[in-house]
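Chains here go by letter, A, B, C, D, E and F, matching the order in which they are written, and residues are numbered from 1 within each.
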Amino acid sequence: MELHRKKRVEVIVEAPALARILRFLDERGVKGYTILPAIAGRGASGRVWSREGQVGEAGRMVAVVAIMDEARLAPLFDDLFRVVSRQIGIVSVSDCDVVRGEAF
Amino acid sequence: MELHRKKRVEVIVEAPALARILRFLDERGVKGYTILPAIAGRGASGRVWSREGQVGEAGRMVAVVAIMDEARLAPLFDDLFRVVSRQIGIVSVSDCDVVRGEAF
Amino acid sequence: MELHRKKRVEVIVEAPALARILRFLDERGVKGYTILPAIAGRGASGRVWSREGQVGEAGRMVAVVAIMDEARLAPLFDDLFRVVSRQIGIVSVSDCDVVRGEAF
Amino acid sequence: MGEIFAMAGANLVSPMVLSFALGFAAALARSDLSFPEAAAKALALYLLFAIGFKGGASVADHGLDGTLVLAIAAGAALSALIPLIAFGLLRAVSGLDRVNAAAVAAHYGSISIVTFVAATSALASAGMAYEGYLVAVAAVMETPAILVALWLARAGQGERRPAEPGGHDAGLWREIALNGSIVLLTGAFLIGLVTGPKGLAEIESFIIDPFKGVLCLFLLDMGLVAGRGMRTGARFLAPPVIAFGVAMPLIGGALGLGAGALIGLSPGGVALMTTLAASASYIAVPAAMRVALPEANPSIYLTLSLGITFPFNLTVGIPLYSAAAALVTGG
Amino acid sequence: MGEIFAMAGANLVSPMVLSFALGFAAALARSDLSFPEAAAKALALYLLFAIGFKGGASVADHGLDGTLVLAIAAGAALSALIPLIAFGLLRAVSGLDRVNAAAVAAHYGSISIVTFVAATSALASAGMAYEGYLVAVAAVMETPAILVALWLARAGQGERRPAEPGGHDAGLWREIALNGSIVLLTGAFLIGLVTGPKGLAEIESFIIDPFKGVLCLFLLDMGLVAGRGMRTGARFLAPPVIAFGVAMPLIGGALGLGAGALIGLSPGGVALMTTLAASASYIAVPAAMRVALPEANPSIYLTLSLGITFPFNLTVGIPLYSAAAALVTGG
Amino acid sequence: MGEIFAMAGANLVSPMVLSFALGFAAALARSDLSFPEAAAKALALYLLFAIGFKGGASVADHGLDGTLVLAIAAGAALSALIPLIAFGLLRAVSGLDRVNAAAVAAHYGSISIVTFVAATSALASAGMAYEGYLVAVAAVMETPAILVALWLARAGQGERRPAEPGGHDAGLWREIALNGSIVLLTGAFLIGLVTGPKGLAEIESFIIDPFKGVLCLFLLDMGLVAGRGMRTGARFLAPPVIAFGVAMPLIGGALGLGAGALIGLSPGGVALMTTLAASASYIAVPAAMRVALPEANPSIYLTLSLGITFPFNLTVGIPLYSAAAALVTGG
């Protein structure tokens, strides 16, 4: 089967900002994404977090994975970065291959 | 330490189909895989899901990550894609490096 | 926005060894990492695990994701591999791009 | 007649129904109120264990009357029959294709254990007793509907499609028969049967006293999930499909009512048999359909069963079925 | 005076406070004792449901006296007023910048429902009754503080910054108003109000009998989280900020005391009004601040509210506020 | 003798044991019945808190008799001694290498708190009282076995291997000593001790009334995990290792019996001391072994302890140990 090169965008971001990120992705016509839970982490700030025993959303992180075409990513990436960088979180982009190229 | 280039296959698929996917990977001699939970997502169909408060398996997604040699992936990839594409789910493949090349 | 090439290190390791891995990353000045839960898996040993219904930590796996500069990774990678290989777990490394290059 | 309305009214303002309504409303209003998945599953495990155990202990206490076998046979027959009716109806009026109609039909032949539990709770409030072994009948009714629906779906495909990679059918049947909720319900029933009233006495302050309160919390969660389902899935339900979701419980319920009365169940027992026949699965069957009929659209069957039929049964159905059972049995 | 010390002493060695202390100590000692997130959330859902329902059922039982409206108005006013005082104080003494001071201020205007719950529990042990509708007052006090704090934060920025991508403010307001804990608390209150003592009788062996025990487990978890917060976050709290975390509950509490006495609440009611005003949010407001004021440092407001003010209120505050309420009302 | 069989029979058909059997059978039959991890952990936290609190409150009520210190010393000694015997036995008959034998030995010197809890529950049903401080003895017995086993494992390696990166041993000792379950058990014991019967009265409808029912659910989960362990891990257990898993509890139990009788515990107390000595850890020690002896194969020690010894103790062991205790003490 023929494979098509796409971008895999991974946003690790604090949970209270998730709705904002998803709203952004929806508005910009991103075709799909999946949200994975995280259980703990540490950042450059030295701030350690862990969701153990937590009731509130603040201080909890999630990972949003969205696979999309580079042509779709290019016009939204700068704004995505701007949204994430106001919050606690990081954005990274890597390459991946998929089968149904038109679905991403 | 010398690194060996491998493929990282990521299958994001609905939970009820997980047993089928794993059976497939087992039959085809894949050496290992890890299953990560997902908490929510949206696809091209516009279908939104979230596992919050869900009791049943339907409408819940998981991510299967399997790192393997390209020579092992090639003969099974088309069938893997066929199994996944009957279900709700996506497959993507990317490159990664590992140390013990023979273990994958 | 300009992107900077970094390494994405993914350590899938048994939960009881997590503290040891994190202590290692902290000591070696890694700037950040995120820990994702896993729910089940199988390895080359044929050993199957699942965290369903488990109370103890033994026999549970987690994924540690750390994005860092190649220059930072190189001097610690061999030792990281040594720590992980004493435990149940695997290490893989892939490429990714980030915006704030100096933060990783 | 007045009594019926009184019971219906009492049911509508019971903490159980209001908790469901709260969840449903909160989800429609897009509140972020939600239960962790693990908590929802734990509540479901508790309810299955408690209802199964109580049923078994009650059988141990009152003895088995001869209707047990009849009731189980009737339950299995209803579970196999109802999907045929549902399928015919859907094909005639709803415009759903064969596969989707079969998948929906499976849900209505099977049962919703939470609807059953809510009905036992309403019966208890109304002082109506019932046969403990109806729990076993509920367990029996989960599976036949699935088999019939798969046969309906495949009948139209001429012959079975070639084996898929990773798709052993043997595995599928085992998964369906050893489905966690059937195993827990049946197992707890057997434990209750073996340990009897003495066993019940040991753990009743866990499985009896807090039962209704736990049910309220679980229904609150069901309301949240059902409301979210309606919010995101209502667009998949054409009007005739929605009408089906209200009509089919009445049809199934009528069959259950007849069967229960024929085999001579108590008024409470007839009410529960009616409820079982009227209820539609939204936990076990959807998962089975994703495995066995992945081509069918889950947004249709899940939304219909959980968003339309479950609330209908919980609010209007249960008092109606109880009233009908009282009427029919002269109880 | 002797009585006050006796009650304070009894409070300090209650299972509730000791459970919190156990968790706090375990976290400081770096024990790996921890609650799963889902379990902690489930306990919180239980407490909100139970306290809301009991409040509503109590209002249904005792009837609404005229002070309900007054109490709600007073609660809203306190919630809006306290952040102004807190903000002024912080700007004067703490060295926090405008945004961080505003974010902290929001927490103190809002309330901690667990502190409220612990206070009702201590009142019950001391035999002091209270007005059931104070649960509704608690729900009302969650939000105004947030609005005032945002206004304080933005007042200094001249004009509002341009709209951010993905940052609809309308969404924000809905999220704050339909926050899960407000919806559950208010909804359960209404269910209790509608179903009254009869509804309560149906589920009291779930929501009344085990209540204190559940609260102990939840406070154990709170202790673990607070202790971990102090261990990793204490370095973000300058001494004047810590002093604020002890002084502000006293100031807020004094206002609550005055308001409660003025509108004629019972001694128990005044104690609860004082507790509400003295308490600081650590669940709802931190999440709202991450959305509305992401520039503010969560390590400051979370650590202060959960690590300093919550333990202070739980151990010293509650008996103090109860004693003051008894004194002021002559009760 | 007849009584012994009666108690053994009663134990076998108790809801507790049958729940475990249900889980075990369901897992062997590959049912998908399962508990969420968070729910299993929450049940374990409840059991630890409840059993610890009850023990402390009972000591507060009955006063400390002089045997407390003796019992704690005896527990620590047994915990250190049993691994030596287990290690010798394993090396002699099982063919396990030094490291694996040491890792297994650690489990048998330590204790299984769930086995202890099940034994207290069986004693209560049989009307046998016991000393509340045995909870403290249980807490003390968790750790010494680990230290002895590490010494056994390393004695053979000539000298300690060079420090590993990330492998501070100081961290390890703190982790073992401040292990969550020890901290919770001991902490709850102290809270019970401080608050006494009055504290117990406040929360007994949470920690006493539903206790047995919660234990049933937890044992159902243990059965699922143990059955799954046996299904996937049985191939790692050679026949002599399996025989060890049945023989070792009898040897350890005999030592516990002698120690308990010698220091003059009550019949129930001797039964519990026997049970503690006979039981093998499957939560705390496996995790410690993964940190301290990662070379040892967890499939061996986990499967043996949870799949063989735990079911043996639960079904046959507990009634046997109680009977032996009654015999020895003439109680």
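Throughout what follows, a residue touches a chain if its C-beta (ideal position, glycine included) is under 8 Å from a C-beta of that chain, and two chains touch if they have at least 3 such contacts.
None of these values were measured; they are calculated from a predicted model.
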TODO: Using the touch definition from the top, list the chains contacting both chain A and chain B.
DONE: C
- [ ] Starting at chain A, figure out the least number of steps needed to reach chain D through touching chains.
- [x] 2
- [ ] With one step meaning two chains touch, work out the least steps from chain B to chain F.
- [x] 2
TODO: Find the chain most remote from chain A, comparing centres computed as mean CA coordinates.
DONE: F
- [ ] State the chain with the largest centre-to-centre distance from chain D, centres being mean CA positions.
- [x] C
Task: Distance from chain F to chain D - Cα centre to Cα centre, in angstrom - done: 40
Open item on the list: Nearest whole angstrom, what separates the Cα centre of chain C from the Cα centre of chain F?
Closed with: 33
- [ ] Averaged over CA atoms, how far is the centre of chain A from the centre of chain F? Could you give it in whole Å?
- [x] 45
- [ ] Would you please write down the residue numbers of chain E that are in contact with two or more other chains?
- [x] 34-39, 41-42, 175, 205, 209-210
Open item on the list: If I count partner chains per residue in chain B, which residues reach a count of at least 2?
Closed with: 36-37, 94-95
Task: Each pair of chains that touches, named by its two labels - done: A-B, A-C, A-E, B-C, B-D, C-F, D-E, D-F, E-F
Open item on the list: Under the definition above, what is the set of chain B residues touching chain A in their complex?
Closed with: 10, 12, 36-44, 61, 63, 77-78, 81, 85, 90-95
Open item on the list: Which residues of chain A touch chain B once you look at their complex with the stated criterion?
Closed with: 1, 3, 6, 8, 22, 26, 31-37, 62, 65, 67, 94-100, 103
Open item on the list: With touch defined as at the start, can you tell me which chain F residues reach chain C in the complex?
Closed with: 34-37, 40-41, 44, 164-168, 171, 175, 221, 224-225, 228, 232, 282-284, 286-291, 294-295, 298-299, 302
Open item on the list: Which stretch or stretches of chain D touch chain F in the complex?
Closed with: 36-39, 41-42, 45-46, 49, 53, 174-175, 178-181, 183-184, 187-188, 190-191, 194-195, 199, 202-207, 209-210
Task: Complex contacts: residues of chain C adjacent to chain F - done: 14-17, 19-21, 23-24, 27, 47-48, 50-60, 79-80, 82-83, 86-88
